[in-house]
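Here come two complexes built around chain A, the first alongside chain B, the second alongside chain C.
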Partner chain A sequence: MQEITYYPGCTLKTTAFEYGDSTLTVLSKLNIKVNEIPDWNCCGAASAKSLDHRLSILIPARNIRNACSLKSDIYVPCAGCYNNLMKAKRAIEDNKKRLEVEKELNCKFDYLPEIYPLMNLFLKDEIRGVLRSNKFKGSLKVAAYYGCAFLRPEEVLRNEHPELPKSIDTILNDLGIETVEWPLKNFCCGGDLSLADSAIVSKLVDKIISYAKEAGSEAIVTACPLCQANLEMRQNLNFPVFYFTEIIGIAMGVDKDIWWKKHLVDPSNLVKKLKEIKG
Partner chain B sequence: MSEKILLSEVNAHTEQDLKLCYQCQKCTATCPVSAFMDIKPDLMVRKVITGQEEEILKSKTIWVCTGCETCGSRCPNLISVGKINEFMRERVYKKGLSAAVKPALDIHISFLNSIKRFGIVNEATMLAEFKLRTKDFFSDLGIGLKMFLKGKIPLKIHRIKGLDEIKRIMR
Partner chain C sequence: MDRQVVIIGSGFAGSSTAFHLSRLGIRSLILERNEKLGGYFPTLEMQFPTNSCGVCFMKPDYPAYCPYIELERDENIETVTNADIKQIKKIDNGYKIIYEANDEVHEISSNNVVLASGYDTFDISHKPELGGGIYENVTSALDMEKLIYQIRAHMYDFNHKRIAYVQCVGSRDLRIGKPYCSSFCCMFAIKQAMLLKEIKPELDITIFYMDIRAFGKDYERYYNTAKAMGINFIRSAVAAIRKRPATGKLEILYTKNGDAVEDTFDFAVLSQGADFKKTTERLLKGLNINFDQFKEKPFENREIEEGLFIAGTAFEPMDIPDAVTDGAYIAALISERYDFKKKELSIPQIKHQKAKKIGIATINLQEEDYKRLREHFPEIINLKDLMELEYFIKENGIDGLCLVVDDIRLYGAKAEQNGNFGIHRDSFITIPLKTNNLIEEIRSAIQRIRSVQRHRYPVRKIDQRVAVVGGGLAGIYSALRLSRMGIDVTIIERSENLGGRLINLPSRKEFISNLIERVEKENKIEVLKGFGLKSFSGRFGDFKLNVESDREKRTINCGAIIIATGGEERRNVYGFEDNDRVFSFFDFEKRYNELIKAKTIVMLQCAGSRTEENPVCYRVCCTKAIENALKLKESNPDIEIYIIHKDVRTFGYRENLYRSARAQGISFIRMQKEPEVLKNNGLIKVKVIEEGTGEEFNINSDYMLLSTGIDPVTSEIKNIFNLETLDGFLSPYNKKSGLMDIKPGIYATGLCLNPLYTDDIIKQSEALPVRVAVKMLNREISMRFNTAFVNFKYCCGCELCIKACPVSARYMSDEEKIAVVDETLCEGCGTCAMVCANKASQHRLFEHKSMLKTIDYYI
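What follows is the complex of A and B.
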């Protein structure tokens, strides 16, 4: 049985409950053992880096320290958490900065786990095989949306191409779902500006949704809790926005009604369609 | 003299060299929110180089920037204006100055206070503090209520075990 270290982050238990629950449900079905980082704390989100650079390293670094004893790669579902953890990891990799972190956190980093976005787990050959054997049969076009924090800064993350990301597209294609080509898959949703200036975020979200529709998609599929919340909260078009793990859940027959009830834009019609074309 | 101090501080902190900017303005062209900025991203680089710190600290730009890093990703000289804005936001906060977009500072303070209190973010108390700080109780009331009714803003309080360590780090 494969084991992973898991950093859920705050939102996966609250505002992105359906992402957290669909992730754990799917991983359990795939027989992957999930070990949460012991006594994990918030990653600092956009606030630590905005007000105190020192904290923006130390707060996420505490999670990496707590993960070390588990001795396996960390998978992170939330883009913001992933981004902050990676910045802390790069600081720990730097000899001079590491000494400061070790002093503040009373520890020694002899070993550093790898940190990946949750999508990367579903790009492994054995799991791709499972996805491919659970293909939807019928036509459905969706727009894969990545946002920012899974992609940039490229020199820190070194994971996906910042201009042409493919992970979510690949997962959906493996499931037999067609993904549209569209120019805004890596465009910013407005992020944490949503509460401070919702008018700006509404404009960005309108643009993203209308481009996704224009490209011929019936829904957006994303992996970022803040993107998903903004896309649902700040639109008036009733356009459904899914987490990719929810789609995998339907494909594998382990989806739960409670996921759909948590959405601010009712996705029922499309869920019905997905179930109809399930293999 | 002071202009050189600001430039060297920004260069050192953001680990980049602003002097490499040759004003192609790709940052401004590609920024998703440049339309809402009072100092456009390319001009922000210029203002740091010429040491106009006061004007930068008073700007909306540093708060409107979402930190999406599109500028840094597409700059031919690897300059991220987002990193400059981040540095300048911290400076406004540390100097105790008022922010040109006050709710943006309010949300960050409320967020960090939540981490200090619980080790994780508790949405209900964080949003309550944000509302008290902005004294704007009506924006997003409908959406907030909808999320609450869907159980997305739980009232249950959870504290991490290592809260003392978090408090020590955040002293």
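What follows is the complex of A and C.
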């Protein structure tokens, strides 16, 4: 049985409950043991980095310190958390900065776990095999949407091509779902401006949704809680936005009604369709 | 050693090196990776700034065919295509090159290796944010070149309306590790836009650029022409190109006045930059030469290691004229290791009589074509190849031949190469099969061969002395190189000192005085100081120059002339120079100690240039100003420096200077229009509006330095030699590849020809002597045959022909009162033969007598 270290972050316990719950449901169905980082704290979110650079490294670094004892790779479902943790990891990798972090956190980093976005787990061969055996039987087109935080800054994350990301597309294709080619995969959803200047976010979201529609998709599938919230909250086209784990959940027959109730755009029509074409 | 020189790459630099070496009698082997010779040349459709080709002028002697046909024909050049070079190894006195060609591994040793391997084009799929490699309506500039050819030939239905060119894709970009500027892409894009606009005037073309780097000779005019044609230029880097799924159109994101703007286009071309050549890197690594430094700056020496040279774009991105000059420069460096023998003078063969035995032959004709011909000419014979033809001629003692072939270019050229198999040129006529009235053509050709009076080939001896006009940097380098090739040189210098402009610069004083010492020690160089050129007469091979000083008058006999009159500082061109606080950047060194104490300094670029009245870019000022600014910042980091410019033209690796200037806090302001300048209590107030943002800057400055450029000194020389100039610079015979050839026997180098950096002046002045020596070493000029001639018995000296000649090839003889022909200039148009009342002027190939007979026969 495979074991992973899991950092849920605050959002997955609250506003993006459906993302967190679908992730854990799917992982348990896949027989993967999930070890939450003991005594984890907030990743610092947008606040830490805009107020104090030192804290924006130390807060996520504390999570990495706590994860060290588990000795396995950390998987992070939330894009913002992943981004912050990676920045802290790069600081720890730097010899000079590490001493500072070690002093502040009163620890020693002899071992540093790898940190991946959750998608990477589903790109492993054995799990891809399971996904492929749960293929949908019928045609459905969706648009995979990555946002910014999973991709940039490129030199810090060093994971996916920032202009040509593929992970969500690959997972969906494995499930037999066609993904459309569209140019706004990595376009900004407006992020934190949703609170400060919602007009800008509406403009950006409108563009994303209309392009996804034009490209012939029926829904957007994403992995970022903030993107999902913005895309659903600031649109007026009634275009559903899913987390990729929810789609996997339907495919494996472990979906829960409580997930759909959390969506701001009612996805029930599409959920119905997905269940109909389920293998 | 197997070969004297091995050249890797047959692009512009490589083939230029090979041609120049070949004419000096040095044999070279060219290894070309591709199937075809010529590097990128076969992929180009027309060239800037002429919108025509003209690469044939690259050859130092008269061009006959495309240089890439000539490469294969040349007796001193061997070419191997499809050659994959595996390794270069150092051996005693040279190198061993291991390469694979035709599935075999070959080894060859050579004293000299020239790396003219060029560049890889940047792969646009590394720029997916611009749609590179993703969308079918986003293409690279090089692929666009093919497309333009297809559009012109109606092979491709191009129904797009709005086209965007995006500059600096894969250059000037630190994110992808390309710090340099690729130099040629701006002009390349402008050229393509102009070609497209000519083919389809309804197209709406926009070029997105950072700086338009039109820094070469006449390039600024070219840029202005493009603007006048209605091509839009927008100064902004492009952030993204996205294809709208519903319409398939491209949305281009850029900035305008500080705001993000999106505009819709149908088609986009990415002007991809030059990328380091992977092969070069691998080969140099194999020799333990550090290539990584090359990504920051070019190699300091052209001879990287003894016998290993780097040429052309492998050294630094450059355009075609620069690459051709560069190739000749490398040839000059290599020539230093060899002695040249002057050619023996040939005794011209005199065959005045008419052809006695005339043959008609065809080569490789289709059976039915041959049958058709045989009905009319029973004696015609169909041969397999030129070998059989040679045998046929020798066997039958034929001295006049009419040859009918389907490929006149191929067989005609080859027959000529073989000296027409001993048949006089007048009696050898080649007729293409696809001629109208073929039978009549052959009949009249035979009649012509029968009746034509055969001429001696006109040959003229060349005086073995070269006169160099001007003793500045260009003149000195040309003279030194010529003397090393064993040619006598006379330098004519107007002032009392050699060294020109540089002698006044303290930082260059030692360098130039060492050079002068070398000139004065050289016994093949005669220096005439204080002599001015008064007049000239004669033609290529035997010029006479009348020079005059305060003390004496002299006449110099010479075979060729190099004009190196140089340039002079442009001063007082901007209106308010007071030479106290506002002065030209030429005084930078002189006023340095004052300048470092200043608080604020403004440098104004393009002062009095790139305007409507003076559309010239002086090429050097941007880099010079930035160098000066960096120097000031180094000694006093507190100085505030503002550089007000129109475009920053730091091409090639000079881009690094621009970048470090910005990193040092030097401010660059791109002016929307000429700034307003006010002098106020010892301070200079400059009010300037930034073009990108529309923001107004008011700068109180202690000093203002004006980048005014360097004017060519040509006003006198132009009248003496009756030459054409543009913006003061001498106009060459061909702007593209024959940049330094002005007229037959008259050459130019340095600042009188084009604006250049000091290093480039040295390069050009080292390269030119090779071109000159090639002609001098021949000791005689064989004229083209397609010219006019004069039967002096009938000439009455009416001068009608002189007035009629469109190329000034006719002139009155000094000794007798008859009009003669300069065969080096004559284009063979026949106008003089037409106007001559006495039939004294006639065309060699169309003499009245034989023409009348031919026409008789034809009718």
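The rule we apply is simple: the second predicted complex is superposed on the first by the 279 of 279 C-alpha atoms of A that agree within 3 Å, B and C clash if a C-alpha of one lies under 4 Å from a C-alpha of the other, contacts with A are read in each partner's own complex, and residues count from 1 in each chain.
As a convention for this text, a residue touches a chain if its C-beta (ideal position, glycine included) is under 8 Å from a C-beta of that chain, and two chains touch if they have at least 3 such contacts.
No experiment lies behind these values; they were computed from the predicted model shown.
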item	value
Partner chain in contact with A:93 - chain B first, chain C second, else both or neither	neither
Which superposed partner A:276 touches (first chain B, second chain C, both, neither)	neither
Which superposed partner A:182 touches (first chain B, second chain C, both, neither)	second
Touched partner set for A:161, first chain B, second chain C, both or neither	second
Touched partner set for A:42, first chain B, second chain C, both or neither	first
Partner contacting more residues of chain A (chain B vs chain C)	B
First (chain B), second (chain C), both or neither touched by A:15	first
First, second, both or neither for A:211, with chain B first and chain C second	second
Residues on chain A lying within both footprints (that of chain B and that of chain C)	163
Touching residues on chain C, where the partner in the complex is chain A	128-129, 134, 242-246
Parts of chain A lying in touch with chain B, wherever the complex brings them together	10, 14-15, 17, 39-42, 44-53, 55, 58-59, 62, 104-105, 148, 151-155, 162-163, 186-188, 190-193, 195-198, 200, 204, 233, 261-262, 264
Residue ranges of chain B in contact with chain A within the complex	13, 32-33, 36, 63-64, 66-70, 72-73, 78, 80, 86-87, 89-90, 93-94, 101, 103-104, 106-109, 111-112, 114-115, 119-121, 123, 130, 139-140, 143, 146-147, 150-154, 160-162, 165-166, 169-170
Touching residues on chain A, where the partner in the complex is chain C	161, 163-164, 180, 182-184, 211, 214-216
